[in-house]
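Labels for the chains are A, B and C, by order of writing; each one numbers its residues from 1.
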Amino acid sequence: MSAPARRIGDVILKLENISLSFGGVKALSDISLDVREHEIRAIIGPNGAGKSSMLNVINGVYHPSAGSVTFKGNTRKQMRPHEAASQGIARTFQNIALFKGMSVLDNLMTGRTLKMKAGFLSQCLYFGPALREELEHRRKVEEIIDFLQIESIRKTPVGRLPYGLQKRVELGRALAAEPEMLLLDEPMAGMNVEEKQDMCRFILDVNDEFGTTIVLIEHDMGVVMDLSDRVVVLDYGRKIGDGTPDEIRTNQAVIDAYLGVKH
Amino acid sequence: MLYRESGQFKTTYTADQAVFPIAQDRWFIAIWVALGFVVVPLFANEYLMRAILIPFVIMALAALGLNLLVGYCGQLSLGTGGFMAVGAYAAYNLCIRVPGLNPIVAFLLAGGCATVVGIVFGIPSLRIKGYYLAVATLASQFFLEWIFNRVPWFTNYTPSGSISAPTLSLFSLKFETPLAKYLLCLTLLVIFAMVAKNLVRGRIGRSWMATRDMDVAAEIIGIRPMYAKLSAFAVSSFYVGVAGALWAFVHLGSWEPAAFDINRSFSILFMVIIGGLGSIVGAFLGAAFITTLPLILNQAPQWIGIPLSTAMISHLEFMIFGALILFFLIVEPLGLARLWRIGKEKLRLWPFPH
Amino acid sequence: MGFFIEVLLGGLMAGVLYSLVALGFVLIFKASGVFNFAQGAMVLFAALTFVRLMEIFNLPMLLALALTVVVMIVLAMVIERIVLRPLVNQPGIALFMATLGISYFLDGFGQAVWGSDVYTLDVGIPKEPLTILGNLFEGGVLIQSEDLVATVVAGLLVAGLALFFQKTRIGRALRAVADDHQAAQSVGIPLNYIWVIVWTVAGLVALVAGIMWGSKLGVQFSLTFVALKALPVLILGGFESILGAIVGGLIIGAGEKLAEIYLGPLVGGGIENWFAYVVALLFLLIRPEGLFGEKHIDRV
C-alpha cells in the first residue's frame, strides 16, 4: 500500500539548532528539521534517541537550551503548552495521558476547551448560551466519535477501557481540537495487526480529509515506510538521516544505527 | 428491574445532556424535593429541625463546596473552617455596619468575601501539589483563626470575643422559627446544588476534572491551570463562606472563632471523603452521616443502659468515630456515593438474580 | 545581642524537638508513602503509656520503658494488620484519611485507658537552666538543659536512622516500598513485614519525642498539637528527607521564636500559631518539594 499523492504545502514548522539537556544528559544536540504543511513526517530511531523529547520541544513541554522553533511564521525560543494548543498543535502521548476519571465523551469534549467561550455566569445557569455551546460542540465531537467508531463506549469511564481503545480515544481528543498539526507519539504501540491497520487508516483519513499535518513517532518500519512522506532519523540526540522513505532505507548510517540488514 | 433504562432512548443531544437522563432518577429527585419541602415541615418537630436537619442542610452546602475543590479539582484543602469563619464574620460585619441590609444579600456578599480570600490562599496551589498543598492550606486555617481572635474590629470590639448574630428578616418576614430557618437554608442549598451540577457538567467542570486527573496533559490541550485551580478555589470558597454565614447566623446564633477551628475543617473533609469524592450526591450523603453520627454516639450509652462519665463518653466517641472512618475507608474507599451507585446497578436486576 | 543569641538558641533547640516529631512522619512517608497524621497521637499515646505504667504499677523506669516499647511494637502490628493491609493499593488520600481515623481512635483509646489528666514526666533530665558563653556576652546566655539533652538525643537518632536507610538491606527495601508498592511486592519484598518495622521505628521515635516533650510540658492531650507544629517542618524540609526534618526543624524553631519576640508585639502577639506555616509556605513557593524533598517528574 503506497501513500497517495497529496498537495504538500510550504514549511509550517521549522526547528533550528535545537539542543536540550537534562542536568548532564544531552537529550538533543543541534537538531534542525522542518515539516511541510499537509505532509506526514515520521521521526524514527532507537529508544532513548530523543524522539519524544523532540515532540515535547515542539509543543512546549520542554524548553530547549538552544535553538528556535518557528511555527506558522512565529519564531520563538520556547513555546508554552497552551500557546502551542491555541496555535493549532495537538498531540497524543506514548503512555496514554487521558483523564481517567472522565468518560470518553467528556475526554473528547475537553479537547474542545479552547473553542468554548461561554462565560462563568452562563455556565452556572446552563440553560441558554452555555447549553447551546455544549450542544454545538457535542455535535462536532460526535462526528469524531463516528469517524473513530467508538460510539458504543462514549459514556464509559476511560480508565475502564482496554489499551487499544484508550489510544483511539486519545487520538479522538487530539482531533477534537481541529488541529493544524498533529503530533503522534507511538500511536501503534502495543497494538495487534488489526488495530494497527485501523489506526493507519485513521491517520491517513485525517491527513486526507482534514489536511492535518502529521508528525509521527513510530517503531513499526512497515507503517513508517508506507505512511510517511518524509522521515527523519535520530540517534543519541543527533540527526543521522532526513529524507524520503526510500532515501532512508538505503542510508548507511541509518542502517548501521537502527534498521539493520536483511539476513 | 426497577432501574432499567430500556425503552428510554434519547433522540436529541439535548435530551441526552439533561441532568437526569434516566426517568427513574427524575422521579427520585422529585420525591426528595417533595420530602424536603413538604413532608418535613408538616411532620418534623422543632428538636429534629434544630438538632439534625438544619445542621445537615448547612453542612451539606459546605461539603458541596469542598467537594468541588477536592473531589472535582483534586486540590486537597484543610482550611475549610477558616473560610467558613470568613463568611460568618463578613456577614456579621455587613449586617451590623450596613443598616437595613437584606440578610440574603449579606450572606451572598459574605460568600464573595470568602471567594476573594479563597483565591488569595489558593495561589500557592499553582506551585505546590498534594500533601504539601494540604499542609500549606493549614496556614490559611491558622492565620484566619488568629486574625478573628486578635483583630477586634471583626468582632466589633466585643470584650468577650464571642458575638451574636442579629435576627434575620427578609422584607417583612422574620426568620425566627426553626421551620422558617430550615426552609431558608434548604432553598439556598437546592439552588446552590443545581448551580454546582451545572458547573460540573460544563467546560469549567471538565477543566477541573482534567486538572485533577493529569494536569500536565490538561495544560497541553489548552486548559490553563491557573484558571482551573483558582476558579475551583473561588467557587468552593463561595459555597463554604455562605455555609459559614448560615452556620453562624442560623444554627449557632452566637459564636467565637473556635467554632471554625481545625476540627471543623476535618469534619467537612470527612464528609467529602466518606460521601464520595467528585460526586454531588456524595456531599449530601457524607453530610448526613457526619451530622447524625455524634448524636447517635451521644445517645447510645443511654439506650444500652450503661452509666458512663461524660469524659469517658467523649473518649469513646473519639474511638468510635475513628473506627468508623477506618471501617468506611476499608470497606468502600470511594465513599457512600459509590455504594449508592452499586445499589442502583443492583436495582437494574432486582428482583431477578441475573 | 546576648538576648538575641538566647532567643536564637532557645528557638533552635525547640526546633530540634519539632524535628523529633517530624522524623516519625518522614520515616513512615519515606518507607510507605503514607502521610501519617496519627504521629501526634502516637507521641501522646507512647508518653501516656510510659508515664502511667510507672505511676500505676510503680515500675522502675527502665522496665516501664521496655514495656512501652513492646506496646508500640504491638500497635504497629495492629495498625499494619487492620489498616494498612486492606488499603494497600488505595490512593494516597484514602491512606491519609485512614491515619486521621487512627489518630482519633488512638486519642480516645489512650485517654480512655490511661486517663486524661496532666501527668508530670520525670526521667531524670536535668531541668536547671545553664548559663553559657559568659565570657563572650555579659551575664552569659541562658539555655535549658532539657533542650540540650534533646538536641543530643535527636542528633544520635538522626545519625542512626540515616545510616540505617542508606546502608542496610532493610533500608533499601524500605525505600523501594515508598517508591512503588506493587513493584516492591513483585520483587519479593515482604510488604507487611516491612510496614511493621517502619511503624515500630516511627513509634519508637514517637516515644522518644513523647518523653522529651512530656518532660518539658507534662504529658497531656495538648501534646497532639505539637504534631501540628511538625507539619511546617515537614513541608519545609521535604517529606522524604531525614536531613530535611532536622534542617526544617531548626529553621522553623528559630524563626518562630525570633518572630514571636521581635515581630509579635507589633501585631498583638500569638503569631506562633501560624508563623511557622507561613514561613514554610513561602519556602515552598521557591522550592515546591521542600528544601530536600525529591522532585516529582511527571513524564508524558
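Quick note on the criterion: a residue touches a chain if its C-beta (ideal position, glycine included) is under 8 Å from a C-beta of that chain, and two chains touch if they have at least 3 such contacts.
None of these values were measured; they are calculated from a predicted model.
Identification of common neighbours of chain A and chain C yields B.
More contacting C-beta pairs link the chains of B-C than the other of the two pairs A-B and B-C.
Centroid analysis (C-alpha atoms only) places A farthest from chain B. With centres taken as mean C-alpha coordinates, the chain found closest to the middle of all protein C-alpha atoms is B. Measuring from the averaged C-alpha position of chain A to that of chain C gives a distance of 48 Å. Inter-chain spacing, taken between the CA centroids of chain A and chain B, is 42 Å. Rounded to whole angstrom units, the spacing between the C-alpha centres of chain B and chain C is 33. Chain A has residues 61, 93, 97 in contact with two or more other chains. Counting only residues that touch two or more partner chains, chain C has 300. Looking at chain B, one finds that residues 216-217, 220 touch two or more other chains.
Looking at the complex, you find that chain A touches chain B at residues 59-61, 81-82, 84-86, 90-91, 93, 97-102, 106, 109-111, 113-114, 116, 118, 120, 123-126, 130-131, 134-135, 138-139, 142, 173-174, 177.
Residues of chain B that touch chain C in their complex: 76, 124, 127-132, 134-136, 138-139, 142-143, 145-146, 149-151, 216-217, 220, 262, 266, 269-270, 273, 277, 311-312, 314-326, 329-330, 333.
Residues of chain B touching chain A in their complex: 13-14, 17, 195, 198-199, 201-204, 206-207, 209-210, 212-214, 216-224, 231, 278.
Residues of chain C touching chain B in their complex: 35, 82-83, 86-87, 90-94, 96-98, 100-109, 111-112, 116, 228, 231-232, 234-235, 239, 267-271, 273-274, 277-278, 280-281, 284-285, 288-290, 296, 298, 300.
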